[in-house]
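Every chain is named by a letter (A, B, C and D) in the order it is written, and numbering of its residues begins at 1.
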Amino acid sequence: MIQENCRIVDHSQLAPRYFKIVFSSDHIAKTARPGQFVNIRVSNELTPLLRRPLSIHQSDPEKGTFTLLYETIGYGTELLSKKLVGSELNILGPLGNGFEVVNDIALLVAGGMGIAPLGFLAREAIKSKKDVYCFIGAKNEGLVLCEEGLKSLGAKVTVATEDGSRGEKGLVTHSLEKFLKDFRLTIDGKRLTIYACGPRPMLKAVAAIAAQNNFECRVSMEAYLACGIGACKGCAVDTIEGYRMVCKDGPVFDAKGIKWE
Amino acid sequence: MIQENCRIVDHSQLAPRYFKIVFSSDHIAKTARPGQFVNIRVSNELTPLLRRPLSIHQSDPEKGTFTLLYETIGYGTELLSKKLVGSELNILGPLGNGFEVVNDIALLVAGGMGIAPLGFLAREAIKSKKDVYCFIGAKNEGLVLCEEGLKSLGAKVTVATEDGSRGEKGLVTHSLEKFLKDFRLTIDGKRLTIYACGPRPMLKAVAAIAAQNNFECRVSMEAYLACGIGACKGCAVDTIEGYRMVCKDGPVFDAKGIKWE
Amino acid sequence: MGIEIAGIKMKNPVMVASGTFGFGEEYSELYDLNRLGAIVTKSVTLLPREGNPPPRIVETPAGMLNSIGLQNDGLKVFLEKHLPYLSKFTVPVIVNVAGETLDEYVDVVKALSKENRVDGIELNISCPNVKKGCMAFGIDPKLTEELVKAAKKASKKPIIVKLSPNVTDITVIAKAAEKAGADALSLINTIMGMAIDIKTKKPKLAMITGGLSGPAIKPIAVRMVWQVAQAVKVPVIGIGGIMTAEDAYEFMLAGASAVQVGTANFVDIESPLKIIEGLKKYI
Amino acid sequence: MGIEIAGIKMKNPVMVASGTFGFGEEYSELYDLNRLGAIVTKSVTLLPREGNPPPRIVETPAGMLNSIGLQNDGLKVFLEKHLPYLSKFTVPVIVNVAGETLDEYVDVVKALSKENRVDGIELNISCPNVKKGCMAFGIDPKLTEELVKAAKKASKKPIIVKLSPNVTDITVIAKAAEKAGADALSLINTIMGMAIDIKTKKPKLAMITGGLSGPAIKPIAVRMVWQVAQAVKVPVIGIGGIMTAEDAYEFMLAGASAVQVGTANFVDIESPLKIIEGLKKYI
């Protein structure tokens, strides 16, 4: 973990409100693990005052760069989207616990921008010879990210779009359920973990599916952050063991532990 | 008076902290009088919140442009100095009463950035066939503005720099006093008005000199503004008739009326 | 968008706040005042007040301090000059009244009550920038009650009481005002603040302290509006840092029936109009 | 730059404020804690507190609201885990103490008094984010006096009393604390505020209201520090929106002997260090 000014080495728009940004930082590129995030000061002004958390999508230790994918939601991400290649932003990271790949099969479920941390995880899981299945959910074809990249790495990719413009029509959780029905029988001995990131209702649904099937499930949670390092207790998520901090105890949690209510 | 988005058509640096900026606005260019100012929203952020007042230095009704000269003092003017040609800023103006040239001889005394409104005044006074004498005071040679321009218009220009790097050495008020000593005798019938803009201590000194010599004297005053149009009573200046508003009753006041204390 | 507050009919729930709009004269050169929900005038006092020495204004993070000190020409000039000017418009006029003593308030209220063009009276018991009176009333529930009672007795016009945020529990004052017969409450006035120039080592305002307004205070204002809206039955008018329609709607969700726009007038002359337009999406 | 406040010797007058720095553990990974004037810990309560439901944080113009609700592991874990960790450093440790009842405060103060590593105690009588106790003490001069007296009786450690800005007249509370024997006063804690999400139409914080901190409140904090510094003889520690050395110096000009940096820690981890460095120009 370090706080430093990082230069933007690449910045491009992927879809109407989706962007990809590449920063240079030896430290972050070398130490980042999938599921971790950085906390970015998008402006030196007093408004917006707080940093903005974004998951690390990819890191290249050789080049000393790391990549983020983000969606413009409000003021902070809008400001970020206007930053030019060559300029520097103050970044704190890498933060959070990250994913740990324990079983032989990694089943990744991404809703919308949820693909951001899962892309990194897919790459690392494939490197360590796991079977990787990716479920990518999006509103429509234009918002499906990383499909080709993940396929070329060797992941088995299923796409679901709400309007059916690409892949299966419907929610990604529906595709997941359908898949698991048949797949359960073929696992034979190999153990499987589900990793999910996306909107909370999606995570809740994935957690329920995992529980039904008795699979391990890890979810990457969001909360409004202040310090980003565990000091202020601002980013509580309610778990069966009490409040836990998204920024330090998470963002990755065992889905069984979350009080989804 | 109008509030509108004005495009920056030119922007250049004149000295380490002096800038010249040209905006396009038919309305302001056509209606502005010397001594009036505009109130500029230098940023759409919440900090800085208030507009920044700058005097109109020049206006070109044909081209529909007007020019400002400014010094970077703090946050607002720093932000302004970074605005690019082609971008738009929200401007309220023209505001204030402005100078009125009544006598045959106009004696202009500028301290530092005080030249900003006086440049406009000099041009108009020469147009209406007045004799114009300009006293330009600056810290050093690099900060002397408009000397050549005023000369070529036909004004008689005296420069005073504090370090003597150009023109007379010393304060501009000193040059003024020296000049008036001899000049008083030669006026014969023609009446003279002194117009001054600059730091308050300088204005006070000019006012004293004018009083001694029994000349009319008009000074352009500064105050922190909020509304800029006379509604909030924020920009009071203490006069013998009570508080008057810099933005509406001024910025130009009869020097005799100001309580210089 | 039309509403009725304390019996005053407005085209929309967006007024301009006292002290930020003068008596409308300056702004009338810039747009048609009849587009506003209502105009709340600068505070009018019985006698002319010359206000505080300058500097009176200083910028702060997302806000500003002012210490105008109720500069105004007094009741007589108001009646002779400012009110007749406002008669050129049909927009409701709410006259904000301030004073050092109860009698001063009552005298002004009485005089205003006779004027047809006055649609309502806002009692400013919350100005932090004068040495005597005003905020002294607004931080003491007993004085608030007395003053509001006296004003109600003196006038048949709707009486809006403008509350001070510089108190431990604003609902206590709000209830006192309601009990005394206030037809509506408006809040908040500015919060006492201060800024020091580190170069001169002196306060930036000649009066040392001033009133904080602007976006910086919005969260405090929303909280107080929410507290007061739950504590009283009379309508509440939300004020404090409203810059956009979204801000205005936030106050309405907190329980305000209408809003007043203050500092935003300085930042963007058209902000009340933009807020009115923007609110159409929400209400 | 070295100062002594309430008998606590500090290398410089810049502390980190309670609740924004945990118990120093996280920040110690980022820089040497010994560079700070002092560490003020997160509030410690007698028993563990799980804090308020999320969301607990929301951004506002030039500020933020929090409603953490004093989440902490309680006195026992503090003594067993956090305090020993801090023993690795030489920086003065001021333990911030909160409670629902007078006895709770006293029990914690007593226990802390036995610890060598505790250089001072800050009584938090100003947290707006808990239903019982805490700010209830800080808005009532009698309760303040009682509590401070009891704490002084229970301990020989320097006692700093942290005041609430949510009062009509902060000097009344300040004087009560001084009279009861407070060795220093620190102010301000957060100001009660609220924000509503106009999409969901619900408050953005689960607890509805929260405490406002950051640059937005600086003018209010400077004003209160100035008022209190004139009203009492004990040293005053300035808190509220300090982001830069210039802000810190502004508080000192208002009468503060030292400052605490809170929200700025979130914006720039290094801000206390930059403030220390920058202050060298001024003092």
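The rule is simple: a residue touches a chain if its C-beta (ideal position, glycine included) is under 8 Å from a C-beta of that chain, and two chains touch if they have at least 3 such contacts.
In this text the structure is predicted, and so the values were computed from the model without any measurement.
Undergrad: From the centre of subunit D, which other chain's Cα mean sits the farthest off?
TA: For subunit D, the chain whose C-alpha mean is farthest off is B.
Undergrad: More C-beta contacts across B-D or across B-C?
TA: Answer by contact count: B-C.
Undergrad: Counting in whole Å, what is the centre-to-centre distance of subunit A and subunit C, each centre being its mean C-alpha position?
TA: 49
Undergrad: Quick one: subunit C and subunit D, Cα centre-to-centre, how many Å?
TA: Each chain reduced to its C-alpha mean, subunit C and subunit D end up 34 Å apart.
Undergrad: Subunit D: which residues touch two or more other chains?
TA: Those would be 61-63, 214-215.
Undergrad: Going by the touch rule set out above, which residues of subunit A reach two or more other chains?
TA: Expected reply: 46-47.
Undergrad: Thinking of each chain as a vertex joined to the chains it touches, would you call that graph a line, ring, star, complete, or other?
TA: complete
Undergrad: State the interface residues of subunit A toward subunit B in the complex, per the touch definition above.
TA: Residues 45-47 of subunit A touch subunit B in their complex.
Undergrad: Across the complex, what residues on subunit D touch subunit C?
TA: 60-63, 65, 139, 166-168, 191-196, 198, 201, 208-209, 212, 214-220, 222-223, 226, 241, 246, 249-250, 253-254, 282
Undergrad: Help me check something: in the complex, which residues belonging to subunit C touch subunit B?
TA: Touch residues, subunit C against subunit B: 19-22, 25-27, 29-30, 42, 50-59, 61-64, 66, 68, 71-72, 214-215, 243, 263, 265-270.
Undergrad: Which of the residues in subunit D come into contact with subunit B in the complex?
TA: Where subunit D meets subunit B, its residues are 61-62, 215.
Undergrad: Could you pull out which subunit B residues touch subunit C in their complex?
TA: 1-3, 41, 46-51, 90, 92, 223-238, 242-243, 248
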